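Both complexes below contain chain A, partnered by chain B and then by chain C.
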Partner chain A sequence: MDTLLEILNEMHPDVDFETCDTLIDDEILDSFDIVSLIAEISNQMDVTISAKDIIPENFNSAQALWELIERLEDEE
Partner chain B sequence: MSITSYYFLLFAGALLILYYLTPKKAQWILLLAASYAFYAFSGIRYLGYILATTLCTYVASRKMGGLKDYQEAFFRENKDILDREDKKLYKASVKKRQRAWLILALVFNFGILAVIKYGNFVVSNISALFGAPNDAFFRLALPLGISFYTFQTTGYLIDLYRGEYREEKNFFRLSLFVSFFPQLIQGPISRFGALSKELYAGHDFDGRQVAFGLQRMLYGFFKKLVIADRIMAGLATISGDPATYTGTYAFVGMIFYAIDLYMDFSGGIDIVIGFSQALGITLPENFKRPYFAVSLKDYWHRWHITLCNWFKDYVFYPISTSPKLLARAKKLKTAGHAGLARRITVYIGNLAVWLFTGIWHGAAWNFIIWGLLNGGFLLLSQEMEPLYRKLYARFPKLPESRVFHIVRVVRTFLFVSLLCMFDYYANASVTLHAMAGMVTEFDLAVFFNGSLLSLGLSAVDYGILLLSLCLVFFISLQQERGISVREKIAAQAGPVRVLVWYGLFLCVLLFGAYGIGYDASQFIYNQF
Partner chain C sequence: MQNHILEYLDQTVRRVPDKLAFGGASDEDGMTFAQVDHVSRAIGSFLAGRGLWKAPVVVFMNRHPSAVAAFLGVLQGGCYYVPIDEEMPRSRIDLILENLRPQGILCDESTLATARTFDFEGELWLYKELVRTETDDTALAAVRARTIDTDPVYVYFTSGSTGIPKGVAGSHRALIGYIEQLSEVLAFGEDTVFANQTPLYFDASLKDIFPTLKWGATAYIVPKSLFKFPMQTLDFLIRHQVNTLCWVVSALTMLSAFGALQETPPTALKTVAFVGEVFPVKQFNIWKRTLPNVRFTNLYGPTEGTGICCYYHADREFGLEEAIPIGRPLKNTEILLLTDENKPAAPGEQGEICIRGTCLSLGYINDPERTAAAFVQNPLNTSYPERIYRTGDIGRLNEAGELMFVSRRDFQIKHMGHRIELGEIEVNANRIDGVRSSGCIYDREKDRIILFYTGEATEKELTVQLKQKLQRYMLPNVTKRLEAMPLTATGKIDRVKLKEIYETERKK
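So, the complex of A and B:
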């Protein structure tokens, strides 16, 4: 989770990712951010998030994204 | 049958009455019959195209669904002997076979679209390359809404492949999803998960919904007939003779086209969404006041929203997050090219989307240039974000400044309008010439010496346009502030409501750009 928060904070230092749960609903993360984020996660955490997993519920908060990563790690 | 014709009004009125007289269970059948009747009106010979796409989509979806059923049954029957690894391998083999059906269906459906829409463009470019005569190779007219229903079925098949929902087993119900006639004409592009619930559920008569739907249709007719079709006369004069109408005229043409395109397209969408609402069917919104956008990125979140979302979900994300591209980015980072690694996924996905968006808009180089320019400038503004952040850090009150906001809105409007010039001039070189002329031959006197009256628009036309645009601007401003104008009017006393809607109706009737021998022009987006 710490690595994920580091990646997110580097992208948007002005956002409190530990509490924010409307990252997509409030358009804090846009499609460019999401793709950069997926590339960084693949790079640093060796987890591949595919297009079918890109839904608002998975990206609205750091916690939801972390749960997705854990799920994908489990599947692998 | 144009949706601004009297035939359409008769057709829609009769359907609305029949729809609420029909038992709820059978309403979707009536809609299917009406959709095919509407399609037949546009040319019986085109029915074959939409039927072929529907049939192909149906067969592929049933095959993919059948494979899923087979897998589930296999797992159920062998649950005691299969371990996790076995299941994973089996799933992968099923997915592979599903993918084969998906690809087959997409190649077939897009093949029809490609031959009809792009065949001549490809052949003429190859002919030009070899110096051969440039005759039309395919003499096929574009069937109504082919791009829209092809995209909609593609979304359905991909979502099915991704396992977002199960396939529709009833061929006729699927046919309605593909052919639902109000949206078949120019969108919005709906998703099966949302639209199927709306289409197949029966709807009770709800006076408020019907009234709201009809009011929205009336507003759409106002935008299309009073504004778009009126301004088109001036626009046709300028774009039809670009050698004469240069400089200031080209600038006026640019603004005219921006107005025309939005009023035409959003007016049509208002009619489509309004009529669907009268039937109790909610369609996704396609516009969110695009000319209030503060940046190009913001604009594309507000214009043709359903198409942009379609490209984002089915082109941008799959390309940008493809394992090969992610692996390439990883390699670049390892080799010390962190900046390139960070950009490559977004850049390739973005440029692919805008190349396809340009091609979608038309089989011509000017559309491709328009698409790539949009993609290029979106990336440029992304690169400039650190600069903006520095600017806002230096002047923290700037983002809240009303003047700065207005400057950004006007800048974005002018920039988007400039790019759209590629859309309405005959080709790219004429467009570039007109753009250059706006700078080198600009003459302010044209606005004051009566020259604008030579464009086919009288002083009365300009007056009507100005008042109508003020009305649309006022309504848009309310909507931008989160106020529903229809709700607000509905809360007024009866006589006020009657006055407002009857007044708008009279405006359309009196000031709509029609008369003896006049035929309401086709919607611009019909041709896509």
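So, the complex of A and C:
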């Protein structure tokens, strides 16, 4: 989770990712952020997020994204 | 001879009045040609009734078919439209309003409250009210009779290195020529179904809007939020049987990079044109392999040349070390490659890409100085006045005689399909309290903007401030505070050094 928060904080140092759960609804993350996020998660955490998991529910909060990552790690 | 861009609409609305012209997120958002015609004539009647003529009308509306109808309404009224958007930061909008001093801003209900906060003395007009204006056929006919094809259609604002955006004004003549030539190259027709991806405040959206009017085609204005999620975007394309995409490369890549395209290919597609930047070959090959029957075309051109001026049908796969050519100019346009001595570049030699033809835009609005610097006398012609536009892009011809993009002369970059002057980011960063100096570089490989700065401001403070000054796509992806700014011998910011610092940090 710390690595993920670090990635997110580098993108938007002004957002509190530990509490914010409207990252998509309030358009805090744009399409470029999503692309970079997936690339960084792949680089730093060695987890590949595929198209079927790129849906709003998985990106609305750091927690939701973390749960997705854990799920994908389990599947491997 | 056609001399007004709206003649396309005049003819089409007689032929297919009840066909869907512009679609939106849901069925209720759509507008038929008859509706578009009616709304535009009502808005035009309002403006003509106000006695406006060849005046800028700022359109500040949500991304929706009604915004397109509003643009056309401005033209019906003998004025030219200037789109602004909620995504633009306040300071940019202020600069645009200061430059144009428009009499009015055309808003919708979602933007009216924001528009009220502008430092603006003109009127705010509400779309919903203007469309109720009774149509004045006599006044509209008089507007048409007065208009000539060198009059402006629009002003689109683009990044300026001094921090002041430049407003590119385009004429009816240049736009008609563009729509005719582009239609031929991409084989548009009545059956064409566009999905518009490019923002309506950029000239890239001309490709979807005006061919739709010319052919009686249909263009869906895809909701912006969809582009974050590849499967949803593809669902939309498939549901509406979209067959033509003129998209920026980053939006196309979003569909191919994570496997969505391969999983649910939109099989109705016939034409994919990519704009804004060079398509990474790896992603291009995925598209080509997944949709072998689609015709792919690379489009190139600055706003100053009205839309695009060159095209290349990418009809084969490319090797990873190859680049996709810019290709050749549209009919009725010439590309000159000029060396530093203003001589034509020899075959294979590099030169600045310069554009010659009626496609040239009128210039930068209310900015004779910057207009004169970029739109210059053709140095190869000493016999009569002839303007060319110097793009600042460096190109060369390959063995097949096709134009290839090489690099930029200056610090302009293409990021996510947007044209950005790194200088504009620096100027805005330097205005922030606690920033002494700043220097911006661009990592082409990762498509990242990196801003280095010195001063007491924390990286967080800087980001918060920059968000108020810069449009979203211009925001640096990485900000780094330095103790001292590396300088060259002449005292300029040493970007080569900055690149080295960035590379070393990345390796750590």
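Operating definition for what follows: the second predicted complex is superposed on the first by the 76 of 76 C-alpha atoms of A that agree within 3 Å, B and C clash if a C-alpha of one lies under 4 Å from a C-alpha of the other, contacts with A are read in each partner's own complex, and residues count from 1 in each chain.
In this text, contacts are C-beta pairs under 8 Å (C-beta built on N, C-alpha and C of every residue); 3 or more make two chains touch, one makes a residue touch a chain.
Computed from a prediction, not measured in an experiment: that's the story for all the values here.
With both complexes placed on chain A, chain A has more residues touched by C than by the other of chain B and chain C. In the superposition on chain A, contact of A:Ser31 is made with both chain B and chain C. When the two complexes are overlaid on their common chain A, residue A:Thr22 makes contact with neither chain B nor chain C. By the touch criterion stated above, A:Asn43 is placed in contact with chain B alone, chain C being left untouched.
Of the two partner chains placed around the shared chain by superposition, chain C is the only one that A:Met11 touches, whereas chain B remains out of contact.
Of the two partner chains, both chain B and chain C are touched by A:Ile54. Once both structures are placed on chain A, chain A residues 27, 30-32, 34-36, 38, 49-52, 54 are touched by chain B and, in the other complex, by chain C.
If you check the complex, the residues on chain A that touch chain C are 10-14, 24, 27, 29-32, 34-36, 38, 49-52, 54-56, 59. Contact residues of chain A toward chain B in the complex are 27, 30-32, 34-36, 38-39, 42-43, 48-52, 54.
The residues of chain C lying in touch with chain A in their complex are 225, 227-232, 250-251, 253-254, 257-260, 263, 416, 448, 459-460, 463-464, 467, 472-473, 477-479. Residues 162-164, 297, 301, 312-313, 316-318, 320-321, 323, 326, 329-330, 333, 341-342, 345-346, 349-350, 382 of chain B are the ones that touch chain A when the two sit in their complex.
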